[in-house]
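The two complexes that follow have chain A in common; it is paired with chain B in the first and with chain C in the second.
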Partner chain A sequence: MKPFGLAAILFAALAAGTAFAQSSGPIKLADVAELSGGGATVGNNWKNGIDLAVEEINAKGGILGRKIEVTHADSQSNPGVARAQVQKALDSEPYVLLGPGYSGSVKVTAPLVAEAGITQIMGGEAAELTQAGNKFLFRTSFGQQSSMPKVAKYINDEVKAKSVAVVWVNNDFGRGGRDVITKEFGGYGIKVAADISTEAGQADFAADVSKIKAANPDAVFIYLNEEESARILKELKRQGVTAPLIGETTLVGQKVIELAGDAANGARGHVGLTTDAPVELIKQFRDKFSKKYNYVPDHNGIKGYLAIYMIKATTEKMGKVDPKAFADTLHGLTIKAADEPGILMDVTFDQNGDIDRQGFLVEVVEGKQVVKQVLPKLH
Partner chain B sequence: MSNLLDLLVAGLATGAIYAIVAVGFTLLWQTSQTINFAQGEFVMLPAFLMLAVMHAGAPFWLAIIIGILLSMLLLGLGFKMLLVDPMLRHGVLPLAIATMALAIGIKEAVKQFFSAEASPFPSIVPAGDLSIFGRVVSLQSLGVLVLAILAVVGLTALLNRTSLGHQMQAVAQNPTVARIIGIPVERMILLTFLINAFLVALASLLITPIYLAKFSSGEVLGQAAFIAAIVGGFNQVRGAIAGGLLIGVVDNLAAAYISTQYRAAVPMILLVVVILFRPQGLLGRPEERTV
Partner chain C sequence: MTAAAKYLRIALGVAAVLALILVPATFNRYGLYILSQWAVMSIAAMGLNLTLGYAGQVSLAQGAFVGIGAYAGAILTTQGFPLIAATAVAIVLCFAIGWLLGYPALRVQHHYLAFVTLAFSTLAFLVFRNESWLTGGIYGISNIPRPHVFGMATSKPLPFYYVCLGALAIVTAAVWWLIRSPWGRAFMALRENPVRALSLGVDTRRYTLMAFAIGSALGGVAGALYAPLTQYIDPVPFNLSLSLDLLMMVIVGGSGFFFGPFLGTMIAVLLPEWLRFTQGYYLMLYAIAVILLLIWSPSGILGILDRYLTQRRTRAASALRAVAKPKLEVAQ
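And now, the complex of A and B:
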């Protein structure tokens, strides 16, 4: 009896294995991210978030019974390299393309991906990305057109600043943010005391900070990438600038706090996603991520994680793995955290691929992000 | 006006660091005709060595000492024996190209073993402000300036006031005659490599808290030091010092009054002008080609 039973089980397992491989292989995803270069913090968080979500989903049997397989390619934070990597990734016909995180890289790759009829879930936040009529592009976080009005309103209502120095990084991301916020300031009658453009990867901010000092504004709006944010915060402290420092996610992120140390204290920013959010599912995500990677993720880690759960929820809604119908299904879709805990917070995608979700206003207090206000979902 | 003063102080502080790096650059050139294009990476690496020692659990002060010693071992002795000695006999140009390769190698190795991301680095000067003549100056800027000046003064004293320094200068001026009068030429050359390694480690210690420890941070520094050395005078230590300070100040003024986009171009333009009108550099002396 015993040997026979064992053989039967073995046979059954073999047969099942073969059948599985024939009917459905793994779902293939391709990620192109900033794994090195100026955006390395962005890209590596994004990648780790993706890997964590994939591991979780695969451990529970995958999506519709199929495992996920994801490949990562390095854009070196360079739009030209990103384009080549995306082209290469498309050749392997992925179900969905993930990334890049930098807006400039998204801008040059999105037309390629759309042409291939494949959905792209990206990390870029520049306003213009979702305004070009691309039907395959989706955000994982707020675009500037959703976040900047909230920041401007905060600067007007709460900080009550009449003049603001605007420091921005001279790339698609920075210019986009600067254009939207400057327009918003105009609406409130807030004067731009100094309009300071800086370079990506800039190491020395002494000159920029002395320009801010000379302009003597009521507040400073800082819109740079993480490393540069840390450097300017240190320089602002060094030169004794005391005006309130306000920005977006990239000013108050975990990496910025780690790099800038004491100098980050007091910085405030609107954050669409933060691991310090008073949301139970986000706390659980943070614990899982920190346990796996030994560091606390920033918002890019959450974005990568969400991208995978967006794919899971959309695919389960369709009931099949269909790359062609994917984008149509995700447009207008509301995913509730109660149904899909991996999505962390209720979210709705509109026809442009922009998102509606609750946001947070945070301040760095003694090296920690502290959520001061919760800004609710619009619809 | 107050803005200008801030810019000058900040410019001198960065310029002083450029000067330290540029001095090492000229020392290597004078004693062994080495044009070290990896000098920027030489500044980047010691910070990572110190970070590694700190990760192993050592306190900051110990990490500094070990970091400086390691850097003298690797970037001084190792650099001379493994790269300069074998390459130099094939001429100045092959050696210069080999140092470019070394620069890429160091950068990629740091990226591989540490990370492509920036890391914070503690400052040896405490944070805080000092009031001088009613003006608030940060202790960090001041500390950087003071330490850099001390290093330069110490080095100049060593070169001009000690027998060792005189021997090194003799080697720089004419190695053949120096050998004839009994100066241990090889040992003197090695000494300049060790001094250069010490200087870059010091520069690393001063600049990294501001720029953050990052594999790519040597690119800007190496270029600035190179320009500083040429502008000041490649064959004079005091030229390199003047060049470093000048580039630091010019860079900051350009960023403030011209534009951030073109700031990197301004020192280059200065370099071109100096080469056209005063090829030996501002404080350098004309040099005759021996080959």
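And now, the complex of A and C:
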């Protein structure tokens, strides 16, 4: 019996040790993001947003009196590496897992995180992510299933276009958006005049723009990454395409305006999160961010920032640091900016982990995002 | 080689195998995943070592063959076929495509051949991405099941690691036998001097095709294991950079050395992970380390060992000569 007794004491000591670790000391968070490779812009904005929020919260004494500690791991924008890094992060038993930002990387990691019973707050926007019945996965921005219908409605009601050329980037992000909006166009009886697939990182859009010109559509819907959006805007201007140019967050972002210059003027889009929103808290966030990192963040910076404040609000609602009850508490939770300024805008999470929040229709006027219309929260 | 040295080598080998079996039992999920990745990529690198190191044919298409194997594995196992059947299909498919790809190798050599295989690599990527009816396109294939071996589920990390390790052992034994067979000798003759090999009656045409086909088939085996390892595949991991990575693994380890691919893969898979503590610098440091290694020893890590052993033998021989010299002079 002696060795058994000894083992039991050891085990009890170990168990007590872990229990102790969870009830005091810093709250550990793990972030896995695209810090290098094709998604480096996305991942580094996300990471900086997280670091900014953590610094703010820690300066004010942390969450429920406990400081936050966050580790960052690089997925190299590769799903296989993301899986390895998430596994590493899970082995250290974080309170909540943050990231990744690419939808493919989210798809490969979400089942692992759910199996560990840990909540995952991610940046992916593909429609299907929250439709697989995962009870631990939460978005920080609109999924395509909620943003695309708004764009289609705008094209139908306001632009009154009857035929649209659709330009998309052939990865899961672009293809997902294209599939949702094409379906929506079908519902309105809008014809897809040209369906143009492009490559991530493509440099020359002359041939694609010629195709758009030949199709002579009433409007052009552009769904590319930021750099490529800027390149196609320049080419559209060069070839003199005058049809309205409509897109989503990535067409009218700060980075696109910087890269495309004049050519970005007139571009319109639906934006779930924009640093140019006419919201006082977002302006303050933008100032703090640009002061710390010397550049203006895009929406991924806001997403990272919000993720941390989602954790703060949820934990304070529970009144304790409880990784098991976290997801249950966040489902159906409404966080008001009046109570928690870090959340920037009132937000509600539904049972799938999707969000409901104010949105904006913006247009680029003289090199600046101008909000034309505020789309209210649904509930 | 003396008997003692021979026993030492056998003991080292046994110790390494035992370590690979026993030590990971204490690893966490992350460690096991990385080690499984090492085993899988070692198989692909061994295939490329056969094509490049032994038969001297530069191929930038090994990543594409891993992709073909992975898609074959993913499509068949999600349809309910067992992994072993999927692996067999992957081997046959990659062998056949590799054989066809070998034809250009009969006409062009060295970097021209690299270009031809590079084009094939791009073509394969486009097929994975655009033929969505078969490959799921850019959305990829998810929920790839892990196999049951002798009725035991391997969905947990440790059992699946043993599946990868077992596959690596089988492939290692097969390649060990192959390069000691007349085929292996013919491959090396092809690399050293194709004209002479031809004049000695080696059918260089057939052996070139064979080197390509067997190397590619091993890429297929690695792919068929990669799919259940990550349980989700999309076209991105199988683009040109994987082919370049595999080429680097073979060259860093020591091209044409039997154990080169194991070491090269260890460097390529583990070194970036060890360097992660340097945060944003880890990929830069990794690149610098590889560049320095190749400047120091263009023939890879095993090249260093080889040079050291050769030097020691030369020194030993010189010492013997020096001892023998007075006697020889007296004899004159």
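In this section, the second predicted complex is superposed on the first by the 356 of 379 C-alpha atoms of A that agree within 3 Å, B and C clash if a C-alpha of one lies under 4 Å from a C-alpha of the other, contacts with A are read in each partner's own complex, and residues count from 1 in each chain.
Note that a contact is a pair of C-beta atoms (placed from the backbone, for glycine too) under 8 Å apart; a residue touches a chain by one contact, two chains touch by 3 or more.
The structure displayed is predicted, hence computed values, not measured ones.
Taken together in the superposed arrangement on chain A, chain B and chain C fit without clashing. In the superposed model, A:Asn170 lies in contact with both chain B and chain C. In the overlay built on the shared chain, the residue A:His270 is in contact with neither chain B nor chain C.
Comparing chain C and chain B on the residues of chain A they touch gives the larger count to B.
When the two complexes are overlaid on their common chain A, residue A:Arg231 makes contact with chain B while staying clear of chain C. Judged by the touch definition given at the top, the superposed model places A:Val108 against chain C, while chain B stays out of reach.
When both complexes are overlaid on chain A, the residue A:His299 reaches neither chain B nor chain C. Of the two partner chains, both chain B and chain C are touched by A:Ser36.
In the overlay built on the shared chain, the residue A:Gly240 is in contact with chain B alone; chain C does not reach it.
Of the two partner chains placed by the overlay, only chain C lies in contact with A:His72; chain B stays clear of it.
Touch criterion met: A:Lys211 reaches chain B, while chain C stays clear of it. Once both structures are fitted on chain A, no C-alpha atom of chain B lies closer than 5 Å to one of chain C.
Overlap of the chain B and chain C contact sets on chain A: residues 35-36, 170.
Remark: chain A residues 35-37, 40-41, 44, 170, 196-199, 201-204, 206-208, 210-211, 213-214, 227, 230-231, 234-235, 237-240, 255, 258-262 touch chain B in the complex.
By the touch criterion stated above, chain C contacts chain A in their complex at residues 28-30, 33-34, 37, 129, 137-140, 142-143, 226, 230-232, 234, 236-237, 273, 276, 279-280, 282-283. Against chain C, in their complex, chain A makes its touches with residues 35-36, 72-74, 76-80, 83-84, 87-88, 90-91, 104, 107-108, 111, 128, 170-172, 175-176.
Only residues 2-3, 6-7, 10-11, 13-14, 111, 115-120, 127, 129, 136, 138, 140-141, 209-212, 214, 216-217, 220, 251-256, 259-261, 263 of chain B touch chain A when the two sit together in their complex.
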